[in-house]
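Next, two complexes with chain A in common: one pairs it with chain B, the other with chain C.
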Partner chain A sequence: MNPATLKRIGLGGITGNPIAFAVVLALMALLLAIPLTHNGYIELVFRNILMYAAMAYGWNLIGGYTGYVSFGNVAFFGIGAYCSAILATHGVDNLLLYVLLAMAVSAVFAAIVGFPVLRLKGHYFAIATLGVALAVTDIIANLDALGGTGGLALHQVDEAHFSIYYYAMWLVALGSMLGTYFIARSKLGYAFVAIRENEDAAAVLGISATRYKIVAWTIGAMMAGAAGAVFAPANGFIDPSITFAIDSNVFPIAMTILGGIGTVAGPFIGALLLAGANELLQRFFVKAHTLFFGAMIVLIVLLLPRGLVWLFGLRGGARAWLKSLSVYKA
Partner chain B sequence: MHLIAQDLVNGILAGGILAVVALGFSLVWGIMNIINLAHGAFIMLGAYTTYQLFTSFHVDPFLSLPVSFVLLFALGYLIQRFIMNWVARAPVLTTFLLTFGLSLLIVNIALNVWTGDTRGVTTAYSGANFTLGDVTVPWAKLFTLLAALAITGVMQLWLTRSRTGRAIRATSMDIGAAQLSGVRVTEIYAIVFGLGAGLAGVAGTLISLSYALNPSMGDLFLVKAFVVCVLGGLGSVPGALVGGLVYGIVEAFATQIDVTVGGQHISGSGLQDAIALVVLLIVLIVRPTGIMGKATA
Partner chain C sequence: MSEVALRISNVGMRFGGLWALSEVSFDVERGSVLGLIGPNGSGKTTLMNVISGVYKPTAGEVTYGGKRIADVATHDVCHLGIARTFQIVKPFASLSVRENVAVGAMYGRYGAKRSTRASFERAQELLEVVGLARVAERPASDLTIPDRKRLEVAKALALDPDVLLLDEVMAGLNATEVEEALDLLRSVNARGVTLIVVEHLMKAIVSISTSIVVLAEGRKIAQGAPADVLGSPQVIEAYLGSRWVKRQEQLAVIEAERIEAARLQPPEAGA
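So, the complex of A and B:
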C-alpha cells in the first residue's frame, strides 16, 4: 500500500501513525528514569530492549522502507561489538570513540558488501545477506588476533557508573528512532518507499535505485553497529557465538514485523513487547518459556497481521478489525 | 590424489542428504512464497520419529522413511489448512514470522518430550563400510544417497506427470488462472506445505543415520537448505539435487584447506560455511536465478 492510501484509511503517512509515534516518544522519556529507580536486573532488561530497538530500526530502513529483506544485519552488530573490543584491547577507554569507530567501520563494510549484494533482488538478496552474516562470523571465529572462538574480554567501568552503558544505549536507540523519522520524511524516505513499491517505476522517475538502496543499507548498518559498540563493553565479554547469535538476527526482524513494518513507532513497540514478554515468560516459566513465546508470536501474527501499530489508526472498532482478518485468507 | 577422490566421494554423499533437506524447503518457498523457518523443526521431528521407532520397536531406519513422511505430511497439511491459511495472501514477512513462532513452539515441545540430551540411531550396519581403491565409502551413507536420488526422481515425476502435480505447478505460475481452471488453491497449498514437511521428515530420517540428534538440530540444516535451494534454483526439483551436490562437494574440499599466512593459521574446517557461502555469492552474481533456475524469476 502506498503512503497516500495509508493516510486515507487512517493509518498515517510515511512515518506511520503520529499518535503511535507520540506514544513511543513518551515511553522513551519514561525509560530515561529506569536507572534512577532500578538497577541490576531490570536495568539490564531495558538496556536489551533498547539494543534490540536500535537493531530493529536498522533493519526497518532496508527491510521495511526499502523492501529489501535482509537476514544479515547481525553482521553489523557484531562488527560494531568487535570495533569496541579492538579499541579496548589497545587501551582506549572512551564509549563515544567506540561508537564512532563502529559506525564508520559498519558503514564502510556495508557500502562495500552492498555493491554486489544489493544488485540481487527478493529471495536472492535475502540469502546473500544471510551468507554475508555467516561468513563474517566464521572469519572472525578464525582470526587469532580477534580472540577466535575464545572471544575477548573488555574493561568495564566501576559499578557506581555502570548506568552509563544504559544511557549510551538509550541514546543509540533514540538516535536510530529520530534518524528514521527524519530520513522517512526527507527525499530519501520517499525514494526508499518508491523502490519498495515498484523499483522499475522508481527508476523511470529518475531515482537511482542502486544508490538509494546502498544508502538505506548503510544507514541501517550504522544503527546496528552503534548498538553493538555499546553492547560489547556493557557485556564485558564478546565471542562469535554471543555477538552473532541467531537471536540477534531474527529478533529485530520479528520485532519490526510485530510492531509495524515501515513505520517509525513499529520497531520500538515490537522490541518493547517481544523482549519484555520474553523476560517475563523466562521468569515465570523456567522450562517452557520459549513454548509460550512461540505461541505468542503465532497468535499475534494471526490476530494482527499488519503489526501492532495499525491498532492506533484502526477506524471502526472490533468489527472492522474482524473484517480485516479475513483479507489475507486464501 | 587419494585425498581428492575421498573428498569428492564424501562431498557427494553429504550432498545427497542436503538435496533432500532443501527439496521440501525449496518447493514451499518456490510455489507458495513462504520462507518456512519451521522446516528445521520438521527435520528434527522426522529424525526423532525414526529414533523412537528404532529404540521402542526396533524398526530399521530405512523402513521408517514412509512413517516419517506420512506423519510429517499430516502435520504440515493441518498447519497450513488451519493456521497458515489465515495469512496465505499476506506479504512474505508475515508468514516468515509465523513459521518462526511455530518453529519455537515445535522445538520446545520436543525439548519437553525428548529432553535436550544428544541421541543417536546406531544400527548393526552403522559403522560398516567398503573400500573402492583408496576411497572408503560407508554403507549407510551410500544407501542414504541412493534414497535421496530415488526421492528426488519420484518427486520430479510426480510434479510433472500427475494431475495434482500439474495443478501445483499451475498454482505457482499464476494463482488466478489456476483458480479459474478449477484448481482448489487452498487444498493445493495444504498439499504443498504437507509435502514440504513430509520431505523434511524424510530428510530427518536420513540424517538420523549419520548425525547426532537433539531438539535444536534443525537450525544447522535450515541454513544449509536456504543456501542449497537458492544455489540450485528456487522451486526446482533437479535444482535442489544439483545445489545439494555442489554444496556438499565444496564443503568437503573446503575442510582440507590448511595454510599459515603471516602467523595466522587458516584451517578450512572452521571456515567451511564461509567458503561455501562465498561460492554461493559468486554463483548468485554470475547467475542470479541459481544453477538450474529459469531466466525470469
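So, the complex of A and C:
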C-alpha cells in the first residue's frame, strides 16, 4: 500500500462520518448482550472481534491517522499478553492489574523503541517496525523465564464467571474507540493528520513529526497491549507462535483499511466484518478459506478504496461511487 | 532607528554540483518590506527555505535575534516568530480549510496557550481576513489555485509571526485580487510584521517594498530602494535577461533582415 493511498481520505471530518460512528456505538451496545446467549463459541468469536478491533484502533493511530504504516504493533499485543502471564505466574489474579501493567509496559517499550524507529520515513519505517516485532518474538522465544517456545499457562476463572473476559475485552475495545474519538478531535489528532498529509508543511506550522509519531505509536501500543493482557488469561495459555501470529499482525491492518483508515468507525466495522467473515469461511470452506478470505480483501480494496465508512457519506449513488474508483486510479 | 531583524551572511546552498545560492548577504530591517526578485531558478525559493530552517545552508548563516536558524529545529523556527508560505502550495488535503488554518493556530507561536476551540476561532478570523470564509468548511483539496495561495497566507498568519516570508502568493490572481492581496499585506505590515516578498509582478513589488534585493544565478546582484534597483542597467540585463536580451536579439535579427531585404531589392524606387 503506498502513502498516496493513505492520503486520499475525505471521510467527513477528522473523526470520520458521524452516522457511521453512531452505528458503531449502537453495535457496541448490542455486543454487550452476547454473553446472554450462553454459547461459548459465539462468545469466543465476538471476543476475538473485539480484540481485533482494539488492535485495529491501535494501528489506526499510527497507520491511519499519522500515515505511517507499521508492521510492529503485534509486538505490543505480545508484550501485553506476557505481562498478564508473568503476573499470573506470580499469583496475581486481577484482570485490572493485568491490563494496567500491560498498558504501562507497552507504552514504555514503544516510547523507547520509537525514538530510533520513528525517525525513519516511508518503507524504511515499515521494515524497521517489522524488525521490532520479529526481535520481540525472538527474544521472548529465547527467554526461559517466559517459558521460551514452550509457552506459559495461565490460571483461568471458573466456567460460571468466564464471561468476565468477554466484558473485559469489550471495555478494552470501547476504550480504544472512545480514546481514538477524543484524541482525533483534540490538538493531537490534528498533528497526526498534518504529518500524514504533508510533513514539511506540518513542520513549518510547529509540529515535530518525530515527537507526534512517537505519541501516536505509544498510545496505539497501549491499546494493543491492553488487548493482549485480556487475551492471555482468556486463552489460558500463550506461547510465541500464538501471541505473535501473523494474523495478529496483518488482520488489524486489513481491518482498518477495509473499514476506513483515519476514522473512528472504520477499525470496528472492519474487525466485525473481517473477523466475522473469516470465521464463517473457516466453517464452510475448511481448506480453501484463506483463498476466499484473501480474494475478499482484494475485492473490497478495489471496490471501496476508501473503506466501508466512506459508504456512509456517499452522495450521488452509483455514479459517485464509479467516480471514486477513477479518482483512486488517477 | 532601524533594527536588524534578520541577518543573512554569506549564505551558500549547494545541490549536488549546483550552487543554488552563493555568498548572499543582506540585512532585513524590522518592520520593513523586502522585495526579493530574480529570474526563475535564481534561488529565491531556496533562500526562503534556508531562512525558514527547511534547508541548512552549505555555507554562511542566517541569524534572527542573534540566534542561528540552522541551530533551531525546523518545527521550532515558527516559535521564534518566523513564518513562511510555500510557492508549491502544501495544503492538508483531507482537512477542511478552517482546520488547515487551525493547525497553525494550535501549534504555532502562541499555540501552547490556545485551546482547540480558541484555535478554531482564530482560524475563522484569519479566513475572513484573507477572503476564504466562504469556503471554510470545504476540504482543502477542493480549492482553486488562487484560493490555495490564500490558504498558505492564512496558515502562515495563524503562527502569529514577526517575520513573514511570502513566496509568490499572488501568482494566478487577477488585477483586482492582486490589489486586495497588497492591501492585506500592507495591513499585516502596518501591525509591525516584517515581510519578505517574492513576486514576479513588478508593479506589486515596487508598490509594497521598502527595499529590494535582486538575485541572479544564486548571487545577489543588486540591493536598494525600488526605483534605484529597477533603474540599474545591470538589473535590467540580468533580471530580464532571458526575455529582454532575447527580444533585443530578435529585434536585431528582424532589423538585419529588413536591411538585407532592402539591399537586395532592385533599386527601382531610387531609380
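One rule holds for everything that comes next: the second predicted complex is superposed on the first by the 317 of 330 C-alpha atoms of A that agree within 3 Å, B and C clash if a C-alpha of one lies under 4 Å from a C-alpha of the other, contacts with A are read in each partner's own complex, and residues count from 1 in each chain.
Here is the rule we go by: contacts are C-beta pairs under 8 Å (C-beta built on N, C-alpha and C of every residue); 3 or more make two chains touch, one makes a residue touch a chain.
A quick note: this is a predicted structure, and the numbers were derived from the prediction, not measured.
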{"item": "Simultaneous placement of chain C and chain B on chain A, clash or fit", "value": "fit"}
{"item": "Chain A-centred angle between chain C and chain B, computed on Cα centres after superposition, in steps of 10 °", "value": "80"}
{"item": "First (chain B), second (chain C), both or neither touched by A:H161", "value": "neither"}
{"item": "First, second, both or neither for A:R319, with chain B first and chain C second", "value": "neither"}
{"item": "Touching partner for A:I246 - first (chain B), second (chain C), both, neither", "value": "first"}
{"item": "Partner chain in contact with A:A135 - chain B first, chain C second, else both or neither", "value": "first"}
{"item": "First (chain B), second (chain C), both or neither touched by A:A288", "value": "first"}
{"item": "Which superposed partner A:H90 touches (first chain B, second chain C, both, neither)", "value": "neither"}
{"item": "Touch count on chain A, higher of chain B and chain C", "value": "B"}
{"item": "Closest Cα approach, chain C to chain B, once both complexes are overlaid on chain A (Å)", "value": "10"}
{"item": "Chain A positions touched by chain B in one structure and by chain C in the second", "value": "none"}
{"item": "Of all residues in chain A, those that touch chain C in their complex", "value": "7-11, 13-14, 185-187, 190-191, 193-194, 197-198, 200-209, 262"}
{"item": "Parts of chain A lying in touch with chain B, wherever the complex brings them together", "value": "63, 69, 116-117, 119-124, 126-128, 130-132, 134-135, 137-139, 141-145, 246, 250, 253-254, 257-258, 261, 287-288, 290-291, 293-298, 301-302, 305, 325, 327-330"}
{"item": "Residues of chain B touching chain A in the complex", "value": "29, 35, 83, 85-90, 92-94, 96-98, 100-109, 112, 185-186, 189, 219, 223, 226-227, 230, 234, 263-267, 270-274, 277-278, 280-281, 284-285, 288-289, 297"}
{"item": "Residue ranges of chain C touching chain A (in the complex, touch as defined)", "value": "52, 54, 73-79, 83-84, 86, 90-96, 99, 102-104, 106-109, 111, 116, 119, 139, 141, 155, 158-159"}
